[in-house]
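In the two complexes that follow, chain A is the common piece, with chain B as its partner first and chain C second.
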Partner chain A sequence: MTAIETQRLTRSYTVKGKPDHVALDKIDLSIPRGEVHSLLGPNGAGKTTLCRILSTVLLPTSGTAKVLGHDVATEPQQVKRSLGVVFGGDRGLYNRLTSKQNLDFWASMYGLGRAERRDRVGRLLDRVGLAERADEPVQSFSRGMKQRLHLARGLVSSPAVLLLDEPTVGMDPVSARDFRDLVRELRSDGHTVLMTTHDMPEAADLSDRVSFIDNGALALTENPDVIGEIVSSKERIDVRALPPELRQEVIRVPGVSTVTEIEHGLFRVEAEHKEAVRGVLMLAIEAGVTDIARSRPSLEEVYLHLIGRRGMNVAP
Partner chain B sequence: MLHPVQAARTVTQGVVVSVADFRSFYTWRTWSGAWLVRIVCQVAFYSLIGNMVGDSDYVIYVIIGAAMMACVAETLMTSASSTWDRTLGTLPLLVGAPVEPGFFYFGRSLMWPLSATVTTSVAILTLSLFFDLTWSPAQIALLVLLVLITSLSTYCLALVVGALAMIFPGARNVISSLVTILATCFCGAMVPVEFWPPAIQWAAQAVPVTHGLEAIRGIEGGTRAADILMSTSWTVITGALWFALSLFLFRRNFSAARKGTSLLT
Partner chain C sequence: MMRRNFEYSTVDLSGFGTGFRFQTVAMRSQSDTYFSLITSPFFALLYMAIMEYSGRTDLNTHAVIAPMLMTLWTAALSFSGEMISENRENGRLELLLAAPASFPMLVFGRLCACMLLSLPSFGMSYMTAGLVFDYWMPIHHPGVFVGALVLTALATAAAATALASAFVLTLGARIVQNTLSFPVYLLGGIIVPVSMFPGWLEAISRLVYLSWSADLLRASTTPEPVANAVMGFSMLSLLGLSALAFGLLSIVWFLRRAKELGTLSKE
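Then we have the complex of A and B:
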């Protein structure tokens, strides 16, 4: 059974005095159980809207969305019980309650009994590294701590499917690393995770598959490695400190298409086939240049390629 | 969704939030030293006016009326606290959770009517000392019980006000003040309900405090137990009806939130 399935999912927002704004446009997305799936896209692409719909916070305008086979519009109660959601940022907590009370609150709302709650809340606080601050009011917490508490909150009902909407924006590097470990654990425990992010390395590192979304439309869903091949079926190597005369020779190697200086002293050689790469490597090594790396386009390049020259604001 | 255990859990967690909010407003000292004293003074002020314009019976009438209106006003703080989840950003999470919203909101502001029960009872009993009004221990127990019942029933009305305030958060204080003023004028606080035209008299019957006041004055005046019981029943019945309406309205707010988004941002 698929964990998340949308068909022609569309959502428009009505703003007074303006034409309806289509935030999601006929999205078809299918995520099998146990997959960690990243949704990449710039601000305003529709990522949060999708998370809201899947978490029954918002209704679709048209099309369908199902979580573990349950329709979000007609069977919201079933969806709520099998799904956890973490919206980014540090709002959405009861600031006057302690972190333990916040988790206890949601555990109760999701129907857990007292003993079960005590157990699970304790474990989750431990897991996100807040056990020592369990009895402190949340208002004294840093942004990163609040985000970690949010993560614990999303897990409080042990949901089979977890939605994470930009969970690491503004997180410090240590928290972000712990977060990745947590996602890997969730994956090995068989949870399905749909995560939205701006962060390409994070997505590449964690995901089984990656989708790109822009302007409410799903551009592509792929394996993070395969995406590289799509953009450039060419071979590429990066060579540092390539002397000018050698550069001329490299260009003349059959099959080399371009040599560009991508940053000061670092040259990228694009070639049509492996033979050409071999030729370049030989030349370089003979000339004593050894700072050579084979490179693949990053997700970021793939993303920019797909989405065009549109700016990527990494605003919170 | 109407599973009793789950309903109790939901109310309980609402109360946890309510207590935390209440504690951030008052310490034990500021509550008793400032808030309680303020309410007693307010009722004393009305009693002085009553003393100037009427006989001693009227003073007692006004003390009870003014004290119960302080109870209504405090209970209507619910109008504000029902909007706080919007401010906190917890509202979308509640909408996405398997929560019966009306039960949560019933717990969410419960500290107001409980606090109001104490302030109002203390105000009535304190001022009784100054105006030769004596209560037997049984009467005191009954008085506090009736104030509690009236306060909780009024709270149910306040929840309906809260559900409306959720949609128009900017108007939350205006709505609650308006309801307090209307109750003060038309529900028998300062002048008997019978003073007003029939339409208003009818409307006043829908307000729990109209019946609660009648019951409390019945204890003080030694009315027949059956009549007191009748007024008390009406207090409870009207409260229950308002509660049912609040359940409906909170549910409606949550489904409206799912359709549009104004409640979620």
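Then we have the complex of A and C:
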């Protein structure tokens, strides 16, 4: 059975004085059970709208969405019981209550009995590393701790399907690493995860498949290796104030493919491998140029790259 | 767009229990709690002083019972005002609705727990009258007293549930809160029994459940048998149930519309 299935799913918003805005446009998405699926897209692409519809808190304008075979519009109770939801950042916590009281409340919202709640809450606090802070009010927590508690909140009903809407935005690196471990654990326990993000390396690292969404339209669904390849196959660095003679030398370094001025005085060096990058760095540092940064291709670039390639594939 | 009626059976007791438990925990750290309580001994002092110095000690029971009923109603107004909007602003409302428990019953459960405030409030007003004026209010019909108190608390929670949805639909929660305090005390016969009102005003006040509560509570303190007890309890139940039905249905209606319009969360 598919965990998540949408057919021509469309949602538009009516804002007074403006034409209707189509936030999702005939989305067809099918996610089998046990898959970790990332939905990548820039701000305003429609990611949150899709998560809202799947979690039954927003109705589709047309088309259908099903979770484990249950329609979100006509069988919301069944959908809610099988779904855990984490919506961006640290929403959903009561600041004046302790982490234990918060989780206990949410466990009770999912119909867990007293003994079951105590057991589940204790284990979850342990799992997200907050057992020692169980009895402290959430308002004293750091952002990272709140986010971890929020994840625990989403897991409180042991949902078969988990929706994570930008779960790592603003997370510190340590929490982000723990988060990845947690997702891997969930995957090996057989949970289905749909995660939205605009962090490509994260998506490539964690997911079985990745979908791209832009302007409410689902562009394509790919194996993450493809993205991983693009993200890591090209090495690139941005160098400020690169004198013309040095520029000539950099171009001659084996493995450097291009040097382009991307804005006034800022040069982007693209290289095929790490050796080439090292060569460029040595040259620059010897010449006293130290304003150097490593950069990654943006989501838009990969997106264009993939769309472009698909275009070529279908060409005769 | 697909149409359907109710998402959950509106009478979902797990939502009720969750809300009740949550509120008893939350109230301990919420300043509204103490705000609703603080007025009780002062009103008891004020009313007792009026009765004593005007020589109407026959109305002393009013002075002791009124502050408790006022606490109930103040709590109803202050807690119901934020019940939905605080969740909406925090982005919690969507998460609450994504959970299986009934949201309207969660609200009713929370508001019922708020009514527990009537107990310390009564204690304070009873003690104030006793310690300051040496008036220890007798309760000759404890069964009627307790029954009326429980039904009044439930009816107040029901009215507050109805208000909770009114508060999200109108912008001026504060205005509603202010306009609904003293007129309700008056129409509820909390201070002056409604039988002392002119006929037309008494008729209106009979639609306010508090007028039945106040009469029953006061009657339970006198040695005479309680007149019209059956009528009183029936009216109290009927008005309370109507408020509850109206409250639950209007929350369901509000949520339904918000899901269609996409206005559940404030961006």
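As a working rule, the second predicted complex is superposed on the first by the 228 of 316 C-alpha atoms of A that agree within 3 Å, B and C clash if a C-alpha of one lies under 4 Å from a C-alpha of the other, contacts with A are read in each partner's own complex, and residues count from 1 in each chain.
Simple rule for what comes next: contacts are C-beta pairs under 8 Å (C-beta built on N, C-alpha and C of every residue); 3 or more make two chains touch, one makes a residue touch a chain.
Keep in mind the model is a prediction, meaning the values are calculated, not measured.
Novice: Label the relationship between chain B and chain C on chain A in the superposed model as either fit or clash.
Specialist: Chain B and chain C clash in the superposed model.
Novice: Identify the partner contact of A:Ala3: answer first if only chain B is touched, second if only chain C is, both if each is, neither if none is.
Specialist: Touch status of A:Ala3: no partner.
Novice: Quick check for you: in the superposed arrangement, does A:Arg96 touch first (chain B), second (chain C), both or neither?
Specialist: Both: A:Arg96 reaches chain B and chain C.
Novice: Which partner does A:Val277 contact after superposing on A: first (chain B), second (chain C), both, neither?
Specialist: It touches nothing on chain B or chain C.
Novice: Considering only touches as defined above, state whether A:Thr74 meets chain B (first), chain C (second), both or neither.
Specialist: Only chain C is touched by A:Thr74; chain B is not.
Novice: Could you say whether A:Tyr110 touches chain B, chain C, both of them, or neither, answering first, second, both or neither?
Specialist: both
Novice: Kindly classify A:Val121 by the partners it touches after superposition: chain B alone (first), chain C alone (second), both, or neither?
Specialist: Neither chain B nor chain C is touched by A:Val121.
Novice: Of the two partner chains, chain B (first) and chain C (second), which one does A:Val193 touch, if any: first, second, both, or neither?
Specialist: Neither partner.
Novice: What residues on chain A does chain C touch that chain B touches too?
Specialist: In the superposed arrangement, which is not itself an observed complex, chain A uses residues 13-14, 52, 55-59, 77, 80-81, 85, 87, 91-92, 94, 96-97, 101, 105-106, 108-111 for both chain B and chain C.
Novice: Which residues of chain A touch chain C in their complex?
Specialist: By the definition above, chain A touches chain C via 11, 13-14, 52, 55-62, 73-74, 76-77, 80-81, 83, 85, 87-88, 91-92, 94, 96-97, 101, 105-106, 108-111, 137.
Novice: Which residues of chain C touch chain A once you look at their complex with the stated criterion?
Specialist: Counting only chain C, the residues touching chain A are 1-2, 4, 7-8, 14-15, 17-18, 21-22, 25-26, 29-30, 90-92, 94-101, 106, 259-262, 264.
Novice: Which residues of chain B touch chain A in their complex?
Specialist: Those residues of chain B that touch chain A are 1, 6, 9-10, 12-13, 16-17, 20-21, 23-24, 88-90, 92-99, 104, 257-261, 264.
Novice: List the residues on chain A that touch chain B in their complex, please.
Specialist: Where chain A meets chain B, its residues are 13-14, 52, 55-59, 77, 80-81, 85, 87, 89, 91-97, 101, 104-106, 108-111, 153.
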